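Both complexes below contain chain A, partnered by chain B and then by chain C.
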Partner chain A sequence: MQKKKGVLGVLILLCLILFCAGMCCGRFQITFGELAAVLASRFIDIPVTWSQNVDNVVWAVRLPRLGGAFFVGASLALSGTVYQGIFQNPLVSPDLLGVSAGACVGASLAILNGWPGTVIQILALAGGLVAVALTNVIPHLFRNKSNLMLVLAGIIVSGFFTSAQGLLKYLADPDTQLALITFWTMGSLAKVSASDVLMIMPGMLVCMGILICLRWRINLLAIGEVEAHSLGVNITALRGICIVCATVLTASSICIAGSVGWIGLVIPHLGRLLVGSDNKRLVPVSIFLGASFLMLIDTFARNLSGTEVPLSILTGFIGAPAFLGLLLRQKREI
Partner chain B sequence: MKKKTASLMLACVLAVNFTALGITAFAETTEQMSEQTTEQTTEQTTEQTTEQTTEQTTEQAGGMNQVTDVTGREAEVPANAQNVVLLPGPAYEKAMILGVTDRLGGITKFCNTEWASLIHPEINDLVVFDSSSTPNIEDIMNLNAGFVICHDYQELDEQLDELSIPYVITQCSGELPYSDLEGFLAFQETEINAMAEAFGGDALDRAKAWCDYFEEKVAYVREKTDSLTDEERPRVYYARSDEGLVTFSKNSYPHYLVELAGGNYVAKATPEEMNSTLTIEQIMEWDPEIIFMGRMDDTGIVLENEAWSGITAVAQKQVYLCPSGVFNWDYSGESVLLMLYLAKNIHPDLFADLNMEEEIKNYYQTFYDYELSDENVQNILNHMGPSAQ
Partner chain C sequence: MDELLLEVTQASFSYGKEEPIFQNVDLTLKKGEILTILGPNGAGKSTLLSCISGFHKVSHGILRIGGQDLYKTAPKQLARQIGFVPQNQIKTYEFSVREYIAMGRAPYLRFGQSPSKADYQMVDEVMEQMNLLPLAEKSYTKLSGGECQQVLIARVLVQQPQIIMLDEPVNHLDYGNQLKILRLLKQLSARSFGIILTSHMPDHALLLEGTIGIMDREGNFTLGTAKTLLHEEQLQTLYGEKICRTYVEQAKREACIPYPL
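Our next item is the complex of A and B:
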């Protein structure tokens, strides 16, 4: 147990290292000295010896992308951890309640109508929230508020929105819109700008803050509905707050990066392997683990070739085998 | 416990489904290309079948036409065939050149551009297929199509073989049959000739006239650009779509058209053929001196994007829209006009004598028998439809 104490510190350090590495790597060659000078030039007065392109690569391309990767990775991992805690189900991911499918439909609708980027993002957020709201209404219809009913409702809503998404893709102009929609469904940080990151940051930070504050209460949810209730915890309110925060986190991520698979599912498991299943420690660890993972993946996506690789392809190829490994290992421990 | 196991399994199934969906979606876009919005015309199918039966008798009276298509495959199609179906996007404009639009039965939705329907309003009476690769095969049978012009999509071609529907391949989706400039030039003529051989009669002469024109224009451009040294060839980037990050890769039409026009086509360094989605850093690394906006109608997409601002072409405002006519200039019979347009913009001094407006008018008059107004020409040059949209 002793050696696990420093895990969070190590992860924060890893985040920093990956951030620096990500800033240095790219198809466009810049030396470390240039990078440092460009970064410093915004704060201190030094003569400009580099081209406009170098400045743009640092400030308009890599910094927003890595910033985006940090927040999206952290949000997805955190919401995955929270969902898994709430539903006491280790195979749950943020897609469960239909957030991703709903957000993608919202975004596609905006793309089809030729609306600008901000509207695409707002509709993505709205689509995600509508989907989750629908998912939450269904159990009420059956007067059955169990977790299983909610999960089934999520499947129904996801299925419906996935079909709607398919229809929109069918209607899309293959030349201009289809590629854009596909990039949304596969996830990409290629077009993230600094203003995008700044736009979603406040909401994300608030939700993260709330979830971090509530992290020990999520443990109570994890011990079971009946047990938690007997301890005097208002289950419905707590679960509601957690779901809203996790949904906003996921939907905001989808807003700027499209739907990136696997992170919300695999990262919490990796976190549990490192610090155990106590959410008090797992929540912060998941945040930095998710952020590190996506920064790493995005650096690959930018560097593997001159062409852009959608994130979900990489997260799937790395995430799926990693998940298998984790499951095998957990089984052995059980 | 049962509940837990059930939800566990469901979650598993969901996760697997999403990944699979994602990968198919990615494959879809790479395959698809070309223009135009949807047009649902299922009702037309039934309407047309009645006419077909009468026409079929004349069709059987004639002999057969021998065709060698772009893949080198030998095909035999009925002479005087009617209700021909055109599945590739760049096909209707060739039917216009060949003067055989009255023998068509169906087209893909990509063919039906505003300019095509201005010149040939009857295009709107044809059965429209939503896909080049997976058309509704029963619609083709319903039409009793004399033959089908299509891509080399293996599954579709096997299906047509099975149903004994004759077909001629004029476009390649996978491996291209050429990998150098001479091969590209030959391909342009093979493509239109294959279609002409299938339709037979006058079409052959009209194809010959187009090939002569094509050779003449290529010779005119090469005479001025062949002797250019590497230093005299500016780096050119052709932004196809999607905020400028999608381009045509090596061996594409734009690759050779730009090189013919005396430019250095930066995206020829991409590993794959057809389309590539690039990272902005890759484009910065190439640092093009001139950018052409392929299937987009706004240069602001790159001119007003901060990340692009340090690229030489953007800094020096060397960003041009690409015209668009009966079909996209970058992948059709009108590519010959794109070559001229590229040459004029890459080397304005060398091509000072070239009048683009006149070239366009002349082309439309000669091959489509249509007289464009000055306003029409301006709209074509500005990537707009006849109604300036």
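Our next item is the complex of A and C:
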């Protein structure tokens, strides 16, 4: 295993490039010079040479959208990395553990009732936590903690919550709410506003901060409970904190972008290919890799055709074959 | 060298109200002492080690480590005193050998801390002593059985415990590596580590020249020496086979050898 240095630096640079590209591209083309000037104009005094439209597009439309893409991509990739580490299972992700489905049900419930943003966020989080708790409990019932059992538990819980989601769709008003919920379960950043991003940012930043601090400790959970215990690790506390933080990240992402699949599964694997399994290096790499990936996908989503393509369609078309490729490359025995 | 490290008094363990896995275990471990626990599969040897590591809690009895109640010792404090090499490792991720050994520093790190340069320096020193440096960047999932066992012991050494416990450390190793690991354990005991291991081979207990504990199928535990425990009758009840302990002139040591088949 070679140590590849500078991967993180390259990824941060990539993030910046994709951010600028995303800001410039779209139905309303903006040059890089204009973009720099518009962004800088809020901080320093420069003569205004652009139209008010440009200012609007940059500040009110694209910045929140790319900010959202950055945070959602980073959060999903980070939570996937954390789940895979603490469950000692590289096959899990927020989707496979049922967290996404649980959070979707919580959020849809709030949307159907027309409740405000904070309630959507709280219910999404509650749904996600209930789902991950159930998935975690099922292998205990069988006294079987194999990778397969956990994945099966995830399928059971996901299946249940997907049905609950179906029921909510069935009950939704087909003229107004149904389209909204359907479109939203496929994932989209089209309706993201600055206030949405600002609402979820504090929770996300806190959880990211905690997980970044604990990233080396996740290694200890990844080598197994008996060994972690013999190293003096408080397993229940550490795992609990990690699960709550990862679930907050997933649920918050779902609140603003709906459910975007594949990122939490594929990005950690890609990260491991780049820097190895040590979570000390993998966690920051996953964050920027996930952010880059979703910024890229979202820029495609709004530029590919006249209408918006839902994100999950694109992440699935890219993620599924990519995952197959990664598995082939690792030649994992499953 | 005579300092008492561990004292187990009248310990027994059972899952809920089921039959006890082991019962009435009395044992002590001093600095520099090697205790080899023999017994058939499923006798409860591993469960006993698991209880001493603090992972399981005994149903009855008292465990004292350095004079303190083991179960009232803070987990980190306990981890600074006992290092444990379990039988099966979960090898899901390809950590490098160096990263893996560094995990042994966990009991000395605060909650949000990662190993420092000084910690890695200690890791490198231990790897150098054990001639593991060539493996430093290799994935620990790709090690051979003997290498893996050495890496596990290295991880325990950077933990700087007083007691090292190993659950069947030479199981699944080829003969040469078995002897290599046993020699390593002998050297560690000379460095005043107290060592507890389980084994299927009575001859290993003789090679290690330490104390012997026997756990029978019913989970009863007897502590003694080769002289008091490893006689034909005892070996017959333990393994259901005729095995003798005899002095081998050429090797200049006592050995346990089965009779012809």
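The working rule: the second predicted complex is superposed on the first by the 281 of 334 C-alpha atoms of A that agree within 3 Å, B and C clash if a C-alpha of one lies under 4 Å from a C-alpha of the other, contacts with A are read in each partner's own complex, and residues count from 1 in each chain.
As a working rule, contacts are C-beta pairs under 8 Å (C-beta built on N, C-alpha and C of every residue); 3 or more make two chains touch, one makes a residue touch a chain.
Small disclaimer: the values here were computed from a predicted structure and weren't measured.
Undergrad: Looking at A:Ser277 after the superposition, I want to know if it touches chain B, chain C, both of them or none. Which is it: first, second, both, neither?
TA: A:Ser277 sits against chain C, while chain B stays out of touch.
Undergrad: Kindly classify A:Thr185 by the partners it touches after superposition: chain B alone (first), chain C alone (second), both, or neither?
TA: A:Thr185 contacts chain B only, not chain C.
Undergrad: So, does A:Ser253 touch the first partner chain B, the second partner chain C, both, or neither?
TA: neither
Undergrad: Touching A:Thr299 in the superposition: chain B (first), chain C (second), both, neither?
TA: After superposing on A, A:Thr299 lies clear of both chain B and chain C.
Undergrad: Would you mind checking which one, chain B or chain C, touches more residues on chain A?
TA: The larger set of chain A residues in touch belongs to B.
Undergrad: A:Thr135 in the overlay: touching chain B, chain C, both, or neither? Say first, second, both or neither.
TA: neither
Undergrad: Regarding the shared-chain residue A:Asn89, is it in contact with chain B (first), chain C (second), both, or neither?
TA: A:Asn89 contacts both chain B and chain C.
Undergrad: Where does A:Val233 make contact in the superposed view: on chain B (first), on chain C (second), on both, or on neither?
TA: Touch status of A:Val233: second partner only.
Undergrad: Touching A:Gln29, do we find chain B (first), chain C (second), both, or neither?
TA: The first partner, chain B, only.
Undergrad: Which partner chains sit in contact with A:Ser193 here, chain B, chain C, both or neither? Use first/second/both/neither.
TA: first
Undergrad: Do any residues of chain A touch both chain B and chain C, and if so, which are they?
TA: Looking at chain A, the two contact sets intersect at 88-90, 147.
Undergrad: Report the residues of chain C in contact with chain A in the complex, numbered from low to high.
TA: 50, 53-55, 74-80, 82-84, 86, 89-90, 92-96, 99-100, 103-104, 106-107, 111-115, 137-139, 159
Undergrad: Which chain A residues qualify as touching chain C in the complex?
TA: 1-3, 85, 88-90, 147, 213-217, 219-220, 222-227, 229-234, 272, 276-278, 280
Undergrad: Would you tell me which residues of chain B are touching chain A in their complex?
TA: Contact set of chain B toward chain A: 3-4, 6-8, 10-12, 14-15, 18-19, 21-23, 25-26, 28-29, 32-38, 110, 130, 241-243, 245-246, 269-272, 276-282, 284-285, 287, 295-296, 306-311, 315.
Undergrad: Along chain A, where are the residues that touch chain B in the complex?
TA: 26-29, 51-57, 60-61, 87-93, 95-96, 100, 146-148, 151-152, 155, 158, 162, 169-171, 173-176, 178-180, 182-183, 185-186, 190-191, 193, 261-262, 265, 302, 305-308, 310, 312-313, 316, 320
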